[in-house]
Amino acid sequence: MARWGMVIDLDRCTACGACVAACHQENNLAAVGPEEATRHSRAFHWLRLLPEASGAHADVRMRYFPQPCFHCDNPPCVRVCPVGATYLGEEGIVGQIYPRCIGCRYCMAACPFNAKVFNWYDPEWPGDLERKANPDVSLRPKGVVEKCTFCHHRINRAREEARAKGRKLRDGDITPACAESCPARAIEFGDLEDPRSRVSALAHSSRAFRLHDDLGTKPKVYYLTERSEHGEDSRQRGA
Amino acid sequence: MQGKSEPGWIWALQVVSVALIWAFVLGIGIWVINLLLLSHRLKDVPSASVGISIVAIPVFLTGAGVLTYVFVGLRRGRKPDSKDTSK
Amino acid sequence: MLLRRREFMKMLGVTAATAGLGACGRNWLVSDRMVQLALRGPGLEREVQTVCGLCEGGCGLTVKLVDDIPVGIKGNPRHPLNRGGICPVGQAGLEVLYAPERLRGPMRRDDGGTLRPAPWEEVLEQIAARLSEVHSGGEPQRFAMLIDAPGRLFYELAERFTQVLGSGSIANPFEAETLPYMLTQGTETVPGFDLAHADLVLSFGLDLFEDGHAPIHAIAATVGTRTTEERVLLLHASSRRSPTASKAAQHVNIRPGTHGALALGMAHVLVREGRYDRRFVAEHTLGFDEWTDDAGQQRLGFRRLLLENYYPDRVAQICGCEPSHVIGFARRFADASAPVAMAGGEAVWGANATWNVIAIHALNALVGAFDRAGGVLLPPPIPFTPLEPVPRTGREELPSVFTSDAAVFASDPIEALAGDGSTTPPVDVLFIVNTNPVYASPAGARLRAALERIPTVVAFAPFADETASVADFILPTNVFLESWHESTTPPSVSVQVLGLAPPVVEPLFDTRHAGDVLLDLAARIGEPAASTLPWRDYPDYLKHRVQGLEKAGQGTVISGSFEESWVRFLEERGWWFLANSGFDKFWEDLVRQAGWWNPAGPRGDVSQLFGTESGRYEFYSRALEKRLVELGTRRGRGQAPLQGAITELGLAASADEVCLPHYEPPAETGAGELSLQLFRPMTARGPLGCVSPMVLEMFGYYTFSGWETWVELSEETAHELDFHDGDHVALESERGSIECVVRIHPGAQPGVAHVPLGLGHRALNEICTGIGSNPTDVVVPARDPLAGTPSLTSTRVQAHLVRRREHGGPPPMHGGH
Amino acid sequence: MKAAYIIVIVILIAVAGGVSVALIAQSAEQPIPFNHKLHIEEAGMECTDCHLYAVDGVRATIPNLDICGECHAEPLTESAHEARVAEYVREGVPIPWRKVYWVPEHVYFSHRRHTAVAEIACETCHGIVGERSDPLTRPLVRLDMDACMKCHKETGASNDCVACHM
Amino acid sequence: MKSDSSASPVAHGSAADEFQDTDLLRSIEEAGIRFRVTATLVFLVILGGWVLFRRQILHGLGVTGLNQPVAWGFYIVNFVFFIGISHAGTLISAILRLSQAEWRRPITRMAEVITVIVLAIGGFHPVLDLGRPERMMNIFTVGRLQSPLLWDVTSISAYFMASTVYLFIPMIPDIALLRDRGVRPRWLYAFLAWGWQGTPRQHQVLEKAISIMMILVIPIAVSVHTVISYIFAMTLQPGWHSTIFGPYFVVGAIFSGIAALLVVMIVLRRIFRLDRYLKDVHFDPLAKLLLLMSLLWFYFTFSEYLTAFFGQEPSELRVFFHKFSGPYAPHYWGMVACNFLIPVLILSFRRSRRIPGILIASIAVVIGMWLERLNIVVPSLANPRLPYPTGFYIPSLVEWGMFAGGIGTFILGFVVFGRFFPLISIWEIQEGREKAIKETLERTQSYLPSVSASSS
């Protein structure tokens, strides 16, 4: 089977926010409004752009890294879910099954990367905006936890197209919404187990590192360090 | 304290309550075992759940056992001359 | 038989709800609105190419439709500008299209002063009557038009419309800064910077990856289409530690407005160490060495000016950086094989903008980066069918309403209209097309007062924004997805590109494209206009203009089957890539792919790039000298003409150096202790971005602040003023005050307050009204003496606390590690 | 003590009533009694003649007016119901069929994936509609998760939750 | 009306024929107006709680103060707090019975009642916390026993069942007494008394059952609170993922349990004038136990925070300073004061270890232990590992309403129990009296020279 993973090249990423917007539109996320976002800090995105500062006072350098769900192979959230609403699929996707989730938010408390978000209210779209919902992704009701799904509806669609054409899935058939919209082509997605795929090549490159991989959760999103201006790898490990 | 003999239906209600307790306890036992089988079927590593079931089920059984023991004990320990309608 | 999806859902919603309840209410909690959007349609998908109309970047988009209902927008991977990339505002296109507050039909102000809906016919008749009245009257130029059109075709149609009515008063209030390039290179437009082949980009004030005319093109060209090894080396000099600055190989934090000084400092190092392109300077520039003018006098050369005045220590002292930075930047700039220097953002928003850009562009000349892959190119204009000249009516010489002698070369149309806020502008009928100057310009308040005194103001806008709410007529225009629209080569882009796209969906409401309205008005006005604007509707006009493009046979429709280098390779060997298979086939291909482009590389002959009298790049700008002498003789109080002009304009330069690239200190207005600098984040692109709730929610996505305007302060400044991260503060100048949230930004410059543009609307749509604040309300504009454009970065503000951070909130940006 | 018995009985009746109401509500009433048997046997039509996208679309769709209009623009037989169809077609008002088969919430089911790729006959999931002359008021085959998973297990299709849940 | 019966409880003569413990039945026989007034008042508080909960069901959890990083708040804090108090009952009464401490006799029933009521309230709190309460049955249909939440469900229901049995069995003789005295509603007592007639054989069965339950309840009680701490300890969050959480929560539970028991004893003694049964000899040992637990609790807290601080791990330090000097400093130092300073100061001197002193100390401990749960749950969630904004949590009206509803239910439970059953176990008091007399007789005889050669 495949083992879907992602590589985000921090050297190419220019923090333009296209991935955050693409994920928002593709998965029918709703804006929560000024009151909820600022006073209650309940603005939710499945993919967030995290600012991280490094360096001393005057020449401090900000580094921005897009953070989707890492779809860990040993996910702390799946271990604690009381009803198996979040589970590790056959192909490495940590799914979130909305009809089964009881909203206890234990997985949100357990995830060390805060990758999960919660519908505190029923999502609201002003006026006709609801018409534009992407039919491949269902609208979640209030009281349910949700997370980045590596756009698994695109995986299903791509597999269906491939089967309809009678061929196997090829590397590059599937691009999640964030990878597709990135002007700097910083996000690669593919099958980590397939040695010929671009993703596994990048994942084994010398610049690859994973955030907090000392926690043993075995995340499947690799980051590539920034190259210092003189060309050699600057070994800035994750925070 | 010579209690008047209880009417028949109270005795029936008592037996029903004990039966209900046993139903509850067995229900929990079946539920735990069912979840164990489910996790086995889904190839979801059982880990601590086996430990829990090994501890929880006997606890419930002893609880119900003690209750029945008291219920039967009190029943049998009654004074022989009481004009109780049942038995 | 397109049953509107809305009706399906309502009907379906009822049945599903009963069915849902019927299933003994397992989900009794689920409100019926959350019932799955089960389409009755088969779910057939198709994709349509189009061009983004939300900003001037001209990115190519692919819209995914399911059963003819658009459900997603993504970048068109084959489009040469953005190569599949797309910015957050572009992806919010559907939220702009479906915004509930969109105007449903024309509005007219009744005598009671309130705007009431009115039918199209009636409104157009009234406007046509007013226009012909002005046209037949004595002063046709009293009909003026303010227009901001991403495409040159639409601008030319509007220009033709005003000319046929005898008026020359047409202007784009927010036009790109072309004066410095006209003075040095003699070009009418901003030259193109070939980012796709440059190996080093030196940007002054321009956050390449967030701001500028086409940021997504910049990212795609410098990073997207490159392998990691050959990624461009970015050197950045600005007063703000923006994400682009953190991305740059090296960033120098300089005082606001001193970009020109840094450029001259670098030029000094290049000249002193002889690292400049001697051949190019000798053959293609003027004024580098001492030269004698036709009056026989010995004139100061650029070389000696640099060597004497701009040594690194003085420049470092001016800019507030280290001399080693100046030297380091200069050496790396010289060592690169294809360097290019660009100016933008805060460098072009100051009062000394023109001088800054002249100094920065001089660097390109010193390394001979003209007409060279990766350098400065001049893409020829796209060969549309030329329009025959408008029949003469004998009154063309009347000056346009917008000209005023406020500035040497051009003048700011909004300033000309607004005046001092009390005079009535000399305009009878004013068209304001697709622009919102009352919100965007610092002179917005005065302009608003002036508009109220103009008898007829017609606003073309999809929303009732600040400007439209003052107008007498509002003609609702389509959002770009609903109509034919086009966009031509954005400024500073080196590739010739035309985006032309048919509507993706029929208009949701009774709205029309502004081009159709102009043609309709021309038909109604009758004889002079009807014949010179003969086209039935806007697509017909586009088709007529594009025929020239097909005859010229250059470039190719965006087909993506060939890579750009392939097209170049074929053309050089005489293969005309475009098999001339007739105009209809060409038109059908163009419309389906929504774009045409021509990878116009270097022309092979450098002199073609220079439109100056001398045919060379003029360090010593003859055009500037002529105009200053003219101004000096007219106004000079007995002094030498040049010196007279200098004292008139209040410049710091001496007579010798005024026409050479030199440093003019930035003007400062107001007495506050913080220097207010503005910037435009990626989420503030284009006027309609903040209509979308998503864009508002992720407005400050990299500082965790949404739905609010923030001010970036350094730790020392915040400590001095006793502000904490998350406090609400008010920034005050004599014009007013705005409220922002403090974000302590590591690496921010002490004493400088950076505030993003884009929010603070008072009327656009319900979601964004009253959200955040508009920094242009507090800007006290100083005037750029040459170009006349108002400066946005010259105000000093006073800051005081409004209320403390209520609770938790974002961490200090050092991430707490 | 009799009061206690009465109360219990009343509660039981109320619960039973509620459940039955629920079951009835599920069986929806069709506006026009459509006779599948007549169309398939006498008219010799296929499922996909009316349900056009059963093979190449995500949803098979209930036929719209144009499809009915092809034959029924003018009444072919004397039956009153068929006359009403022609009336619908003339007025252009879509016939308000009651949907009987539901794809539950948060589930992605593509007809094409099952009919075209996996070559599954319509009857397996929809029951032998061909033999039904009376209009459909309730799904003939009870389609719930267990049915789908059982079939997926037998045919070796993946039972991974994200295969169907979206 | 002060009890007029002059006979002191340790009167001589066999207790069988003459019944003096009328005080204990006061709560049943004189229920009258005061019971109805308090019951309705408390019921109104609970009703208010339910109205707020209805608002939460209709609108969603947005009405609470919870937000993106701080996903858990009042409901989980109150869940741990109420289950913590449940340790008062079974654990203390079980241990005291096991150790034959005579001063336990009037305390055991009150303790067991606290346990049962508080377990019911605590056990219900996670349901209040669910985003989709109507899907609660998913836990039973498609549950995963591997999740600590499910361990909790099983262990709490086991503990609830064990403690109800442990409450019911010792009550049988008292219920029979009430049945024989013809207290209304008669059928209830007849049903519950299971035909108790006080025959020696029945006594023997009862004693045997109580001894079995005593032994069974202690391990379950300890397991319940370790499993509740596992909810937090099993995650990787800084400040939660530590090995000391098991014993730390058990100590905390016993600590808050004793405090709650003391409060309830003092309050009931005051209301039902039971000062002849709850004397200093009962309060003093419990107060000393509370003092011991306070020291033990401080020891565990000190060692947990020292290991966090000394380890200097960045994410741990962020949580540590969030509590020590950050926004949660008042809660943290309030907790230390309430749990350690006040109890130790008051209870270590005999002079202040009087009933008013004990009341102040135990109320402080109850509040302190609630703050401790708040200090554990919220700061760890508010400081994510990745550079997210620091979270904050301000409970909303709904959450305070539900908390008040929880306390209201506790009070209502006690009032209703007090209305139907005696709060102090009458037969144990009488048994104690006889045993005491017999023992003292034997002991005094063993001192005196032996009267007759026959008495060996």
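For clarity, chains are labelled A, B, C, D and E in written order, and residue numbers in each chain start from 1.
Methods note: a residue touches a chain if its C-beta (ideal position, glycine included) is under 8 Å from a C-beta of that chain, and two chains touch if they have at least 3 such contacts.
Source: prediction; values computed, not measured.
Considering the contact criterion stated above, the chains in touch with subunit A and with subunit D alike are C.
With centres defined by CA atoms alone, the chain at the far end from subunit B is C. With centres computed as the average of Cα coordinates, no chain lies farther from subunit E than C.
Taking the mean of all protein C-alpha atoms as the reference point, the chain centroid lying nearest to it belongs to A. Of all chain pairs, the one linked by the most C-beta contacts is A-C. Here the CA centre of subunit B is 47 Å from the CA centre of subunit D. Averaging C-alpha coordinates per chain places the centre of subunit A 33 Å away from that of subunit C.
Centre-to-centre separation of subunit D and subunit E, using mean CA positions: 57 Å. Multi-chain contact residues of subunit E, defined as those touching 2 or more other chains: 132-133, 142-144, 146, 150, 387-389, 391-392. Within subunit A, residues 41, 43, 51-52, 84, 87, 122, 138, 141, 143, 239 each touch two or more of the remaining chains. Looking at subunit D, residues 104-106, 110 sit in touch with two or more other chains.
Taken in their complex, subunit C has these residues touching subunit D: 1, 3, 11-12, 15-16, 18-19, 21-25, 27, 30, 35-36, 38-44. Chain contact summary for the complex, subunit B toward subunit E: residues 1-3, 6-7, 10, 13-14, 17, 24-25, 28, 31-32, 35-36, 38-39, 44-49, 52-53, 55-56, 59-60, 62-63, 66-67, 69-71, 73-79, 82, 84.
Those residues of subunit A lying in contact with subunit E across their complex are 36, 40-44, 48, 50-52, 67, 76, 79-85, 100-106, 108-110, 112-114, 117-122, 141-145, 211-212, 215, 217, 239.
Residue ranges on subunit D touching subunit C, taken from their complex, read 18-19, 22-26, 28, 52-53, 56-62, 64-66, 94, 96, 98-99, 102-106, 110. Listing the residues of subunit E that touch subunit A in their complex gives 59-62, 65-69, 71-72, 126, 129-133, 135-136, 138-139, 142-144, 146-150, 153, 231, 234-237, 381, 384-389, 391-392.
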